[in-house]
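Here come two complexes built around chain A, the first alongside chain B, the second alongside chain C.
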Partner chain A sequence: MANESLKENRILATPVVVFLLAMLGFPAVLDLIYSVSTVSFENLRDPTISGFGNYREVLGDPYFWSAVSFSTRFGLLTAALETALGLFLAVFLAPLIHRRFWLMAIFMMPMIIAPSMMGLMYRLVLHEFVGPLPYYLFEFFGESPAFLSPQLAFRTLVVIETLQWTPFTLLLFYTAYSSIPNDIREAAKVDGTRGLRLFTHIELPALLPTLVVAFGIRFIDGFRVFDNIYVLIGSGAGGSSTSLSIYIYTAFFKSADIGKALAASVLLFVVAFGLLWLVGWLLKKRRPA
Partner chain B sequence: MVMNAIRWLVFAVAALVMNFPVIATIVTALKTPADVISNASLIPRAITLDNFAAVFTVSERLNIWKYLWNSLSASLIGTILPILLCLPLAYAIARRDFGRDLLLPLVVNLRAMPLIIFAIPLYMMYQTLGLLDTRFGLGLILAVVNLPLALVLLTNAVAEIPRELDEAAGMDGARTGRILTRLTLPLIRPAIATTFVFGFITAWNEFLFGLMLTTSKAVPMTVGASFFFSAGGGGVQWGVAAAVIVVASAPPVILGLIMYRQIGRSMLAGAVKG
Partner chain C sequence: MGSIQLKDLRKSFDGLEIIKGVNLEIKDGEFMVFVGPSGCGKSTLLRLIAGLEEVTSGTIISDDRDVTRLQPFDRHMAMVFQSYALYPHMTVRQNIEFALKTIKLPKAEIARKTAEAARILKLEPYLDRKPAALSGGQRQRVAIGRAIVREPSAFLFDEPLSNLDAALRTETRIEIARLHETLSGTIIYVTHDQVEAMTLADRIAVLSDGQLMQCDTPQMLYERPVNRFVAQFIGSPKMNLLPASGEDGKTVMLAGGSKAITVEGGYTGKVAELGLRSEHLRLGSSMDAPLTGTVSHVEYLGADASIFVTLTSGEALNLRGVGRELPEVGAEVGLLFEPSDIHLFDADGLALREYA
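Now for the complex of A and B:
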């Protein structure tokens, strides 16, 4: 009986396992083999194993390190801004949204739109001749900055990413906030706790897990950013807008530097996997179930 | 009272700023070419649908019908396949705790993996298998992208069905396969609908793999839209370019606005479990 149900369980799990092995497992093995090979588009089918040259090349490439730095700063900054803004809007606007949930639909609009389409929209919005934003800035302030110049590209991209994904954290915080039992608030009010004190002492601690989740998810998505940067700037702006994803893409498709692109992929894989494992381990340690 | 007025003000400003590019794009799409060049403000002097007519006109270089069809078919594959694959596993996890310790976290963590690390080997693999620049090949990778959310939503849904129902059916001698198709499947229909809508939006909006794994025959709408911005002789026609963004974004936005309540909830499920 027990044996039979184990067999059955394995059958139930087979579709996903086979699919993952084919679509990700095999590519991961290719990643590893090719990253220690000398490979070009000419000998794609039979690469020659050549040791860790690709890794040395990547680790010695200043552009790689600037991409790592870009992605890390971009991920941290956008996650922090989105979390702070989303938390503020969710709590401050909760009385409005509570009565009319359709207001949320207006906020959700940006995050239903593809990041690539959002990027294209900003190409229009920021365009110095046809863009409405420079137009109104000229109208009211008499000048408009070059948003996508190497000096400003990072800041512009951070704002664009933040504006598109603050709705996501807003939604998370609103749901968590409205699920705090009202008795807790009432009890606190009876004790004379209200206003800002109510928020910092009672509500904020209750929102802390959501805060961690929101920051974590947004950091991951910010770190691997590609679409909006690609359509907006490409790999241009003197490397000032090169995220790690853009770096790998450019190394492969533009410079045909396959070995380097693969070595960078493996490094990213190892770091991402290590971090996820660490987070999972920490969560398990905190909640011995 | 004053507080409420301030709240409405903050709402209006936040909503306007976040949706500014959407508003600007729609307005530009409705402007005449002369207006686009001479008047960058948000108030058009005349309104026209010519830009949309131009978007849907097939030229040697651009064919929006093809992009729409590619996106539709690849997204359908990328949405239905994960549901079919995950349903049995979701049952095993929710009912027998099989795979809860290893498979579930593994799949869920995919959500956090930068998928570009698989893009280059997939490109090589697809080249060998002849899947490069095919709707099927694109659909397969979209299925990978949708796998984590499908598994989480379906596992939660199965777990919510009272165990007694399964046990009663098992008592009557029904085999697992039969319980799954006759009992579980009809009961989790709402979760399947949510998974479908959410997955479809994600698949339609995907850009990176569309860019890397297609070149001409299977180009999806998101990548095709960016072609309108690379000027083919004469500069970018901004009115037409704006119209193409509107068209490319319409399917997910319409779906999303109809289902915004469910999307809100499923986003939460994905976030909390992930």
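Now for the complex of A and C:
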């Protein structure tokens, strides 16, 4: 009986395993091979294995480290802001959304826009000469910060990313918040708990798993950020806005440093996988035995 | 220390009146059960007393204090929810301590009260477990523990046994009764199960459609229901009702009957129906019985049997028979009863009999 179902499971799981192997496994293997080869567009089909030179080159590249630092800071900061803001809005707006759920559709609007379109849009909005925002800032205050300058680029990008993706965390938190059984709140009220204590002692613990998931997803998404930054300012002056993805892209397509790019991508993969595992582990640990 | 008075209490949701003016006095230390069919407003009434719903009009007095507009906690009442509503992320101990920590009681005091509650409810082995790791009965006791540490003036129970299986329900029912003796606090207990109501209550308040039908001891509700609703709601199987007539205050006549029945103590009003409980009917020969019919169905229950009889007039009755003396299905039988056991109702369902 047990063997029977094992066999069944194997047969049923085969298509998805084959699909994953073909779609993800094959490129991953290729990635690994190229990353330890000397390879360019000329000898794509016939790479020469050359050991870990690519990795050494990547790890010795200061631009790689600044890209890692940019991605990490960007990922952490946006994830933290989005999680905090989303949580606040979800709890604060819950009574309103509960009665008028169509409002959620409006809140979701930024998420519907493709990130690259978002980058394009802000490129217009923030443009020093034609952008409406600098225009009005000049009009009212006589000066406007150069939003896209290397000094401010990071902050601008963080704000844009946060504005676009807070709706996502809002949706997650609202769903989690409204699924907290109401009688638990009522029990707490009868027990004399209300206001802030109700939130910190009863509701927040119930939201904690969602908090971890939201932060994890947003961090990974922020860490691998590419399109909106690339469209908005590219890699920035002196690499001021080079995320890890942009670094890989530049190395691959612009410098044709395929081996180096892929070595960097393998490193990114390892880190991303590690983070995902960490999130999973945190969630599992919280669950009661 | 735990008396509660409801004065013309009303509650409307979106213009729809759910509680239609309830007057009730619950004495200190009393075990009061609210019972009624689903949708009668019994849970809403409890939530009004707890302060979880806002009162539309009327007053709630607790120990000579008007608590109508007070926050739930300030009413000094504790509630046990149907779903138990335990805090899932806290251990049993933390669940029980939570209310005490909220009011910032000294640590030693909290520990003492928690230990005491755990001892009474036999929860000591589970104190460090999370609710998810407990059985239904244990969760129930944690919920009760959370209530008793607060030493409230009244305990409010909202259908506390409905999530337990049948065996555990009986056991927990007895535990609750024992708990009431130990704590001697006022208890208001909502249920739709009349067995729970009968076995636990000092007094039962029967509700129907947002109105209080009758509030009395289980015996009085059973023996002297004030109207047809209470008569049929309390008691299982339902009280049999037969069309009858009479307005002389002394005798009644069953529809299609030939002999007048003399009513002990008399009655006032115009009789429309005569009620008889199944255990007050006996099988007899069909010769000179006031009611005759054929046995249509028999349910054997062991000691007892539930016998269904279709009367010659077409009405269906059921009576309680003895398990060892079952009649044949299709047999012609006569039904006997004592005139003192009858209930009389007028066309509006009001009980008419006068009792000495």
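Here is the rule we go by: the second predicted complex is superposed on the first by the 263 of 289 C-alpha atoms of A that agree within 3 Å, B and C clash if a C-alpha of one lies under 4 Å from a C-alpha of the other, contacts with A are read in each partner's own complex, and residues count from 1 in each chain.
Here is the rule we use: a contact is a pair of C-beta atoms (placed from the backbone, for glycine too) under 8 Å apart; a residue touches a chain by one contact, two chains touch by 3 or more.
What you see is a predicted model, and the numbers here were worked out from it, not measured in a lab.
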{"item": "Fit or clash between chain C and chain B when superposed on chain A", "value": "fit"}
{"item": "Contacts of A:I184 with chain B and chain C, given as first, second, both or neither", "value": "second"}
{"item": "First (chain B), second (chain C), both or neither touched by A:F129", "value": "first"}
{"item": "Partner contacting more residues of chain A (chain B vs chain C)", "value": "B"}
{"item": "Which superposed partner A:R197 touches (first chain B, second chain C, both, neither)", "value": "second"}
{"item": "First, second, both or neither for A:A206, with chain B first and chain C second", "value": "second"}
{"item": "Which of chain B and chain C A:R73 touches, first, second, both or neither", "value": "neither"}
{"item": "C-alpha centroid angle, chain C to chain B via chain A, nearest 10°", "value": "80"}
{"item": "Lowest inter-chain C-alpha distance for chain C and chain B in the superposed arrangement, angstrom", "value": "17"}
{"item": "Residues of chain B touching chain A in the complex", "value": "4, 7-8, 10-11, 14-15, 17-22, 24-25, 27-28, 36-37, 40-42, 84-86, 88-89, 91-92, 96, 98-99, 103, 105-107, 109-110, 112-125, 127-128, 140-141, 143-144, 147, 151, 176, 201, 204-208, 211-212, 222-223, 225-226, 229, 238, 241-242, 245, 248-249, 252-253, 256-257, 260-261, 263-264, 267-268, 271-272, 274"}
{"item": "Complex contact set, residues of chain C against chain A", "value": "50-52, 71-73, 77-79, 81-83, 85-90, 98-99, 102-103, 130, 132-133, 146, 150"}
{"item": "In the complex, chain A residues that touch chain C", "value": "181, 183-184, 186-194, 197, 201-202, 205-206, 208, 288-289"}
{"item": "Footprint of chain B on chain A - complex, ascending", "value": "5, 8-9, 11-17, 19-20, 23-24, 26-28, 30-31, 34, 44-45, 89, 92-93, 95-96, 101-110, 112-118, 120-125, 127, 129-136, 163-164, 166-168, 171-172, 175, 213-214, 217, 220, 223-224, 226-227, 230-231, 244-245, 248-249, 252-253, 258, 261-262, 265-266, 268-269, 272-273, 276, 280"}
